[in-house]
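As structure tokens, here come the structures.
In what follows, chain A forms one complex with chain B and a second complex with chain C.
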Partner chain A sequence: MSNQRQASSASQVPHLSPAELSYLYTSLSLPKNPIRPDGRSPTQFRPLSAETTILPGTNGSARIGFADGTQAIVGVKAEVEKTVLAADTLDSRSLAQHGDALNREGEQGSAAVSGQGEWVQMSIEIPGFRDDDALPVFLSEMMRESLVGSVAGGNGDAVKEMAGGLKGRLVINKRWHWRLYIDVLLLSQPLAYPLPLLSLTTHLALLSTKLPKLKSTGEEDPFFDDDWAAAEYLYPRSNISKSLSAAPSYPVRPPVTLLVISVGDNVIFDPNREEIAVADAVLAISVTRSGDSETLKLLSIRSIDPPSRLTQPGIPNSENVNMLGATAAPGEETGGQEEVEGVWRPRRGGVKRSVIARMVKTVLGKGGVGEEVLEGLEGVEVQ
Partner chain B sequence: MPLDTSTTYPLTRLRLDGRRWNELRLLQAQISTNPASSGSSYLSMGNTSIMCSVHGPAEGRRGDGGGGAAGSGHAVVEVDVNVAGFAGVDRKRRAGGSDRQSSRIATTLRSAFQSHLHTYLYPHSTISIHVSVLSADGSLLAAAINACTLALVDAGIPMPGLLCGCTSGMSGSASTPRDPRHDELDPLLDLSLPEEQELPSLTVATTTAVPVGENNMDDDEEAMKVCVLTMESKVHATYLETMLAVGIDGCSQIRELLEGVIKGSRG
Partner chain C sequence: MADRRRINGPPGGTRPPVFASLQESSTGIANRAQRQRQPAELRKIFLKTGLIPTASGSSYLEFEPSVSLAAARSNPKSLIPPSSALKLACTVHGPKPLPRSAAFSPNLVLTTHVKYAPFAARKRKGHIRDASERDLGVHLETALRGAIIAERWPKSGLDITITIIEAEDDRWWGDAPDSHDASWGMMNVLAGCITAASAAIADAHIDCLDLVSGGVAALVSDDSNQSASSAPRLMLDIDPAEHRSILSACVVAYMPARDEITELWLKGDSSRAALEKDDGRTGHEALIDGAVDAARGANTVLAEAVRESIARSFA
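Then we have the complex of A and B:
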């Protein structure tokens, strides 16, 4: 546990020798068709099982388990809270009182719609980590920012309801709002960087989240229907086809954060721990579906410090003291800086722009990985 | 808020959730829920649901200052209890790490299983148990004991018998001495959260006694041994015996259910 605590933003580095790292890197960076240790194709995800609405005591919940045994449970709880108006909002309102009525109308309209990002709270529990350790804090902030930042575009009734994104949906009226607590529990030791697992589980939990139906109107103190069957989904769904068998469609969906690595010229999705250990670059890409349009929208890209920087380099035979007698030209100095075929060097420096562009394109493109993941998640029945 | 049952219970003899005094809540359990651990279980008693996973016996951590016992000939049991933020009715924010309730449960579990398991079979090793409370509705400690037992059975760690926990409480005016004239006692089995908050209650866990010495010849399969007994509320001593008897009876009911779970999963 102590060496897990030391693990920074990158996940724990498996104990692989430089020779193993070099072998992995070579097979993953084979041009066109990389060979992954578990035989998956570059864009293939690990098989997973998912279920939603598993905890009756929460507003929404979901569980996802990968076949290797890593499991996550997410519970969403919502509380009504009094809105404390920020100083700048008060200023703008007092200014508006001096202005003409039309202007004031506009000001109030915007104040009623815009919510605050801090109304969404996220906490992640990973066994072996304190909840103020770097990894849980970094992960939760990374997932929260894309969640809060996504604002729906397009038109349609349901989209209007979500105007201002998740933040806007949490506004009840000018004085009251919902506060959303998203608690993520990772039930097993993180065998790989847990971001995709946690993100997909959070996505499903938010889709199944229901809020009680509001009975009061306008600026009254909020008063709710106590019939849970009448509760409304946090992410509204448009059930155009009335048949029960058809899956509901979601005009607005919570974002999904995918983990993508690049090895050489190859782009690899859903990497496991060994694959991350040799990655040139690790990116967390958040996407969502924007409004009615079929295209995906990029919300955020974050680069994650790849653990390959911390690995030990291999020593080429020409520099190895034990091999001095065997090599032909021991006197020739290599300087130890250039790449030698088959000898592991920790990755240094940045990543090429074209590689990042390709990673983003593979996620966003038509029929790309992002669409595939969202479609797969739609297949999960959300009651 | 006064408990509704305190007024209606003497009349209807039905508790808040419609149970009679000696009825358990619905107990559902499953083992081998998590393939990434040595043993794992899921257990729900009513609305209390708990997931438990066991890692080990494995080599203990080196350089651990408190690992004095790790050097001895016995395995060390580590317990980590995590009550999820969404477990209760209101979402609870814990200040950096663990709260009092979960650390108390962890301590009780650790001392119970440290002495219960055959730890001498695994010298210099650590058995770590991770308990996550997904939803809390009373009898947390008892449910955690049962979940841990199942996970340890799944992990194949030898123990003399199943350790089964249950709560029992006493309704009525339990702070005054018992009145011998109208000899009426109102014990309750397997308390839910509102009952637990309102009434004095105890948690008891039993296991089957190991046949030792002269008892070796006894074929008394019903022999029970109390392993864990905790009580956090006050009750007059005259009621204690009844509560204990009801709790032990509940434990043997739970034992049958858990045995069914273990045998059922083999098929």
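Then we have the complex of A and C:
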């Protein structure tokens, strides 16, 4: 337990011997075609099973299970709340309340009200961690920041509805707004760094989230249609094109956060526990599809502390006291700072800018991993 | 049954009445803080080590107040300061032996605490660390762990505590949070934390690969006439109170001698950056390069502060 506390940002201290780490690193850093322990290609994700709308008491929910047994459930709940303006805010909104005709006119022209990031709340529960431990806090801040940060560009009716991003969608009128609670529950011990699992589950849960249809108009107190079948999706969908397949298309989708590691010259996606243990650099990259265009948009990048820094370095035979008789020239090697082939030594220092650029490019590029993931998620049927 | 014997106040909060005519005069464009620096010009940094004698290493960092803040201090027109300037203190305790109950660790165990003083921001912060402070702590830990040579201190711990005495604003105080609003001030705070912690670690004589310093760059669209046509521009070391809307920002922890980044935090939409025509970089690459440039600037101050610290310890 204390080991988990120490490794705050990376999930756990890996329990691998230096020899195992060295073997893993060597096979993952093979030029051009790394060999992963489970035989995947560098950009391949672990197989997963997903379902949505599983919790009747929520506005939207999803469950994803990886083949290794880790499962996550996300429930999204929405509440209507009165908008409180900060007392010192002096903008067109407070001016308009005084009934000044001029100001009201100007205020109608601009985007009426924009939402606030605080309206989206996220909590992550991971077994073995307290809810104020660094890992759950870091993960939830990371996913929340890309969620509220995504502002849609482009045009089209549905896109216009999402003009201010998720924050703008939560506005009901000037005095009322929705508050969104996203509660993430990891059902199993985190075998790997749980970020991809939690992000994909949150994505599906938000896609299935419905809000009751608003019957009141304008600045009235909100009043909703009590027919749940008439409820509207939080992320609007347009059913215009596909005639044979019932799959709806989403002009705007929630962001997806991908976990990318670099080992040697290779860039590897969705690492499992053993792979992340030998990573040189770990990045969490959030992307979304921007508006109606086909390109992906970068929302945030965060570097994550690679757990390899916590591992124990291996000792080469030349320095090992037990091997004194076996080696040819004992005591000649000094310092022990230089790399010895086949002996594990955690990488020191940071990551070069060119490596970061390459990792981001692999995600964002045309036909890159980001598109592949979003397409895969589109294949999941959301009721 | 409601209490009818007392006259209760309204259940929600109330706002003092503010008249529109007053607002015109008191919060016009003139009072809004404006950036007077060039896009690539950094604020001056005051950095001093060894101010806290009980700690094994310590440092104090202060950013230069903006021109409008300096003017408001010398000639106050309003009770509300137009912007704020970062001030923080950093202490380093250790390396010290881990407690007996702790598990064996072959490396130095780093613990970082970032805490805002209750009076640091315009809105009071509680005494218990909230999510954003813990988040900053994790970022700082990532930045420093890449620089410290941790295997030279097995079974030892190092505590780094940062108290933020004055924080940066997230936006101009009179602005309502809008669609591009996020906690931009936190990124400046993190950059300051990294630079100050690096100085304090050097002051505690702990082996590092290089002095790691923090830098911030942002894409800012500053059009006062609200026309969305002008593309956002890249600025280094922003003061969020001086800008209307910040589209994206990036903070890095950078080691100049190795040209390596130990911590990267970028958020916001960087796709619409206005770059030179022959500039082949994408928006986020330009943003990271800008932040690295800012970090290089901070590193000169850091190196000077560490030199002072060394001179003092041999005097």
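Following the convention adopted for this analysis, the second predicted complex is superposed on the first by the 343 of 383 C-alpha atoms of A that agree within 3 Å, B and C clash if a C-alpha of one lies under 4 Å from a C-alpha of the other, contacts with A are read in each partner's own complex, and residues count from 1 in each chain.
Convention: a residue touches a chain if its C-beta (ideal position, glycine included) is under 8 Å from a C-beta of that chain, and two chains touch if they have at least 3 such contacts.
On a predicted model such as this, the values are computed, not experimentally measured, just so you know.
K.L.:
Does chain B (first) or chain C (second) touch A:145, or do both, or does neither?
P.N.:
A:145 contacts chain C only, not chain B.
K.L.:
Looking at the overlay, what does A:70 touch: chain B (first), chain C (second), both, or neither?
P.N.:
After superposing on A, A:70 lies in contact with chain B but is clear of chain C.
K.L.:
Look at A:181 in the shared chain and tell me whether it touches chain B only, chain C only, both, or neither; answer first, second, both or neither.
P.N.:
A:181: touches chain B, not chain C.
K.L.:
Once the structures are superposed on A, label A:356 by its partner contacts, choosing first (chain B), second (chain C), both or neither.
P.N.:
A:356 sits against chain C, while chain B stays out of touch.
K.L.:
Return first, second, both or neither, reflecting whether A:79 touches chain B, chain C, both chains, or no partner chain.
P.N.:
It touches chain B, and chain C stays clear.
K.L.:
Between chain B and chain C, point out the one touching more chain A residues.
P.N.:
Chain A has more residues touched by C than by the other partner.
K.L.:
Please indicate which partner A:307 is in contact with in the superposed arrangement: first for chain B, second for chain C, both, or neither.
P.N.:
After superposing on A, A:307 lies clear of both chain B and chain C.
K.L.:
When the two structures are overlaid on chain A, which partner does A:271 contact: first (chain B), second (chain C), both, or neither?
P.N.:
After superposing on A, A:271 lies clear of both chain B and chain C.
K.L.:
Thinking of the overlay built on chain A, is A:57 touched by chain B (first), by chain C (second), by both, or by neither?
P.N.:
A:57: touches chain B, not chain C.
K.L.:
With the two complexes superposed on chain A, say which partner A:196 touches: chain B (first), chain C (second), both, or neither.
P.N.:
Neither: A:196 stays clear of chain B and chain C.
K.L.:
Check chain A for residues that touch chain B in one structure and chain C in the other, and list them.
P.N.:
Residues common to the chain A contacts of chain C and of chain B are 2, 132, listed in rising order.
K.L.:
Any idea which chain A residues touch chain C in the complex?
P.N.:
Touching chain C: residues 2-3, 6, 8-9, 82, 84-91, 93-95, 98, 100, 103, 110-111, 114-117, 132, 134, 137-138, 140-141, 145-146, 148-149, 151, 163-165, 167-168, 283, 290, 297-305, 309-313, 346, 348-353, 356-357, 360 of chain A.
K.L.:
Which bits of chain C are touching chain A when the two form their complex?
P.N.:
Residue list for chain C touching chain A: 12-13, 15-16, 18-20, 23, 27, 80, 101-103, 105-107, 109, 122, 129, 131-132, 134-135, 137-138, 141-142, 145-147, 149-151, 173-183, 209-210, 226, 253-255, 258-271, 283-285, 288-289, 292.
K.L.:
Using the touch definition from the top, list the residues of chain B that touch chain A in their complex.
P.N.:
Residue list for chain B touching chain A: 34-37, 47, 49, 51, 53, 61, 63-64, 80, 82, 84-91, 94, 96-97, 130, 132, 134-135, 137.
K.L.:
Which residues of chain A touch chain B in the complex?
P.N.:
Touching chain B: residues 1-2, 55-58, 61, 65, 67-71, 73, 75-77, 79, 123, 125, 127, 130-132, 181, 183, 185, 187-189, 191 of chain A.
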